[in-house]
Amino acid sequence: MSATMPISAQLINLFASVILLLAFAMLAQRRVLTLINLFALQGLALCLATLVAAVSTGQTHLYYSAGLTLVLKVLLLPWILHRLVRKLNVKSEVEALINIPATMLVGIVLVMVAFNVALPISELSQTITRGTLGIALAVVLLAFLMMITRQKAITQVVGFLSMENGLFLAATSATYGMPMVVELGIALDVLVGVIILGVFFFQIRDQFDSLDIRHMENLKDN
Amino acid sequence: MNLPWGPGGEFARREAAMSISGLLWQLLAIVLALALAPLLTGWVNQCRAWLQNRSAPPLLQPYYMLHKLFLKDVVLAHGASPLFRFAPFAVFGCMLLACAIIPTLSTDLPLAPTADTIALVGVLGLARIFISLAAMDVGTSFGTLGGRREMLIGFLAEPALLMVIFTTALISQSTSVATIVETLAHRDFIIYPSLAFAGIAFTFVSFAENARVPVDNPATHLELTMIHEAMILEYSGRHLALIEWAASLKLYAYSCLGLALFFPWGIAAGSSVLGLLMAIPVLLVKLVIGGFLLAGIETINAKVRIFRAPEFLGTAFLLAVLGLLVRLMLETRV
Amino acid sequence: MMPALLSIDVLLIAVCAWLAIGLAGLAAPRNLRFISKTLFPLGALVGALVGLSALLFLGGAAEVAVLAIGLPNLPFHLRLDNLTAVFALLVGFVSAGISVFAAGYFRKGEGTAPGLMCLQYHFFLASMLLVLMADDAYAFMVAWEGMALASFFLVTTDHKHAEIRRAGYLYLLIAHIGAISILLSFGVMTSGSGDYSFAGMRAQQLSPFWASAAYLLALVGFGAKAGLLPLHVWLPEAHPAAPSPVSAMMSGVMLKTAIYGLLRVSFDLVGDPLWWWGVVAMAVGLLTAVFGVLYSTVQSDMKRLLAYSSIENIGLLAVGLGLTLIFHAYRMEGLAALAMTAVLYHCLAHAGFKSLLFLCTGSVLHATKERSLGKLGGLIHRMPWVAWLALAGVIASAGLPPLSGFVSEWLLLQSFLFSPGLPHPWLNMVVPVAAAVVALVAALAGFAMVKFYGIVFLGQMREPALKEAHDAGPWERAGLVWLALITLLLGIFPATVISYIDAATRQLLGTGLADKVREHGWWMLAPISPERASYEPLIFLATIVVAVLFGRQLVHRLYHGRIRRTPAWDCGYVFQGPRAQDTAEGFSQPIRRIFEPMFRMERHFPTARDSQPYYSVKVEDHLWHWLYLPLARLMNAISVLMTRLQGGRIAIYLLYSFLTLIVLLLVARP
């Protein structure tokens, strides 16, 4: 029962739930700018969860990764995305391929699947935070879902980043984080990835006068 | 009262607790609800006015309204049936019962075993059915429109509310309101992430159920956008007063339920005089803050189209279900 | 009661009495007065007797009887145990109300001659009681088929309309598909021993495969009778076609015999259940319930609306049954008992309120000659008795306290709250989500019921002819009051009722709720403990009533009780006639819009240039087009192929026989 859990584990669970909640909020969101803000909030929750894990276990590299999350995902990436949206004059409405309530229903099913699939894995883990593994998996799947059902390139990038949040949470909850080198590498990858995608956006817009990825379908040879 | 199957141990204890003082506190809770409910409405209206840069009506405005309405004649439409005249009293009675079983000051209420949380949802549903039927009774186009929309809101809000309650019931292993509050307020401090989901879902539901801004506007008299006001267009005099009072009671009941489920600290466990006296100011402070937040949320949101309302409530429903899942995943398997 | 006269004898006498009443009707087929004012009340009396003796029996030891009719080696075995008694109670008391109503219902010159009708009706009753008492497969099937045939003839009372004949044919067809499936299920359960008595089936130890086969066949067979998806199509056709007392009987009582059969097979005959049986029943039940309630909200015919609502209730019963099976499979008998009590309670509750509502539509139909919601309205002014009694049915059907529908819903939700304790990782997560669907269904039922009541009884009269409507006669009123009383009592005294029906739960599961419930006094329902959950409907009702009366007195004393009458406020619009109200279609528009993919809709919208603009919407069942019509086409194609074999020349037919003979001679070996 939860009554026996230490307070740090409870806090990590709380932040993990907030991350899941924000993943759902992103799925339900109709405005691009709010979507980016929600992503920043998700990063913040992730940062706090890592920080709590760091304090409770005393592992120094977790402090670094919390700091990295804060700088990269709460401040830098949202700022870049904000700028992109403003520069590119993206229409503020998110366009969904499937209507939003239906997406959320699928989301609930995904959460159930994720929770049940993660259950045997989390039993192998020894950390105090293993319960959040299911949530991490759910966040990854929800982000995937968001990438599938959204039409704008920007929302796809946000989905991709949110998926990375989920993976990061999984790493923290199952093994108290990845080795520092891997983490730094991933952080750099993400940053470079977003910058390259930003460049792509400009190219795409110049080519098609739109950021709707359905235009890409015309690119196949036939 | 005699027991046909002999006295049971548990029941005998309850019976003893149902003493004169218990009844007295129950009565106090009801009277408090009747007295505070219009005040809460007045406070919310005042905050709204401040936040929207209007000059605020007096805090006691709802009381003046009720008094004036009671004094006025009832003007009935020719086509109104006895059901139309009965409905305001029924709605008022349902809301009173709801207020009587939600712990505001103490969890030790003699009426508490009458209805657990599921029956509480039932009593709110009963009131909804009566008011919707009354709205359809005279047979004007706006009345039926309001009735239909109210049922539309209701059929989504009711299951969402039930799922919120399920989440709290799973935590406390009980559907009785008193036990839930006791579990959440008087045990060791535990963080329940599932309550975060349930709390947000509950907020959504209570906005919709109390005809508040994202779904309905309590101040509107523009026929095509309104729900609650459309239903009561034909009411006047004491009937209207009762319905308005019942609406205040509903807001009060929802506020108190929300406070009891998510911020239960300060509600007395027994019926000691001191504990109860302490509970009154705590309740007032919580209501004042809650009312202000309500007005604030109403001010920064815009009313959505009627067909966005199902989406709004569907989100609440899904969040509540998610809370249930999180409860099952995170909090029971460690 | 005399010691020599066992309860089972009383029930057998009742069966004979019903048959005799039916035959007496045949003796004077045209004498409406004799039939309706003497025979139907007598039938009601017999019904009350059946109910009473079942009530007195409950909790007793099983009684058996063997009748010397039937096949040479297989006489009719009959048995009265507690499960039978609970359902006999339902058949008896509910049919008593319906028969009293029917005494005032039938008029001259409607459809079948009254005598024939009387025979069919009482034969129907007798066969339902026999179904419950049967203790071998043969007797069961004979009674079951008798029930199907009698109800078929009752449905096609107005056989002059092609539409009604079609409904009857569909009903008969699906009833037979179900009957074949039940027969096969019994066949599997005897497992080749040749012993067709239920006692023999209980003694068989089936392998999991064959047990599952028997269970699934029974689910299909009884599901066809109950109206589970996808075999529900006959229900919304047959119920509106039948005369109202018959619809009430079919919906309120006959559907429950299917639930009885399912309970009998899955908990008594087939042996230990597997957990996934419960999941199957629950999934089918949830689909059925959602489907039923959504379609009931969009109907424009009041009896069809109620028929779909019955489908929804059957779905909920299947959900409860599935939950019971899951708990039972994991040996959590206390929880299984809770869920099964919910099922049995809902059977009783639904029988009461749905019969009540169907009978109310009967009164409306007689008073107005109108079934379509779009042509009714405002009947509370002309038919106050029917309207106020229907309100009881509506509140119960919407699953709201303090009436009967709420108690079973409450019990069902309580048992759902325990499902996280299941020792299976997927189940304990998926099953609570099923509770969310149940909650949604219950809330949607409220929508459907407000639509039904508001459009039929409230508002302005949509047709001028409605001003001529008259209230129900004394017989009809008595029947309605009786059923409303059942609904009220079931709602207010749940602890007492549970302590009676508990005998059936105890028989099937070995444990019951009664001991726990009895601890807390008759006014309180607390199946586990008052700390965990409790509900006191009587105090609930009393508080509201006191608040209403006291409030009224206080307002009148302190202020005044003056009333002025004026025309309704027109909101500045000149035209506020009856046509300005919501139509039935208008009322359900939000549902059609939100759940659009669930319906197959044909809509016509007027354009700006139409000289005679009109709007129409027709909602049809997807399954009809996806499943039934393709099947029908397939059968048609096969039968066209078969006609090729029939060349019409006698030589060809002789050749067929000759070839068959040769093949048999070659193949058959001693």
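So that you can tell them apart, the chains are marked A, B and C in the order they are listed, and the count of residues begins at 1 in each.
As a working rule, a residue touches a chain if its C-beta (ideal position, glycine included) is under 8 Å from a C-beta of that chain, and two chains touch if they have at least 3 such contacts.
Note that the coordinates shown come from a computational prediction; the quantities given were computed from them, not determined experimentally.
Colleague: I'd like the most central chain, judged by C-alpha centroids against the all-protein C-alpha centroid.
Modeller: Looking at where each chain's C-alpha mean falls, the closest to the middle is C.
Colleague: In terms of C-beta pairs in contact, which of A-C and B-C ranks higher?
Modeller: B-C
Colleague: Could you put a whole-Å number on the gap between the CA centroids of subunit B and subunit C?
Modeller: Distance between chain centres: 35 Å.
Colleague: Taking the mean of the C-alpha atoms as each chain's centre, how many Å separate subunit A from subunit C?
Modeller: Each chain's C-alpha centroid was found; their separation is 50 Å.
Colleague: Return the residues of subunit A touching two or more other chains; collapse runs of consecutive numbers into ranges.
Modeller: Answer for subunit A, listing residues that touch two or more other chains: 108, 112, 115, 119.
Colleague: Among the residues of subunit C, which are close enough to touch at least two other chains?
Modeller: In subunit C, 429, 433 touch at least two other chains.
Colleague: Could you tell me which residues belong to subunit B and also touch two or more other chains?
Modeller: Residues 310, 321, 325, 328-329, 332.
Colleague: Quick one: in the complex, what on subunit B touches subunit C?
Modeller: 1, 3-5, 8-11, 14, 70-71, 73-79, 81-83, 86, 89-90, 92-94, 96-97, 100, 111, 113-116, 118-119, 122-123, 125-126, 128-129, 132-133, 136-142, 144-145, 147-149, 151-152, 154-156, 158-159, 162-163, 166, 169-170, 173-176, 179, 223, 233-234, 237-238, 242, 307, 310, 317, 320-321, 324-325, 328-329, 332
Colleague: If we count contacts the way the header does, which residues on subunit B are in touch with subunit A in the complex?
Modeller: Listed in rising order, the residues of subunit B that touch subunit A are 187-188, 190-194, 196-197, 200, 310-311, 314-315, 318-319, 321-322, 325-326, 328-334.
Colleague: Considering only the defined contacts, which subunit A positions touch subunit B in the complex?
Modeller: 1-5, 7, 9-11, 13-14, 16-18, 20-21, 24, 28, 100-101, 104-105, 107-108, 111-112, 115, 119, 131-132, 134-135
Colleague: In the complex of these two chains, what residues of subunit A are touching subunit C?
Modeller: On the subunit A side, the touching residues are 108, 112, 115-116, 119.
Colleague: Show me the residue ranges of subunit C that touch subunit A in the complex, using the header's touch definition.
Modeller: 425-426, 429-430, 433
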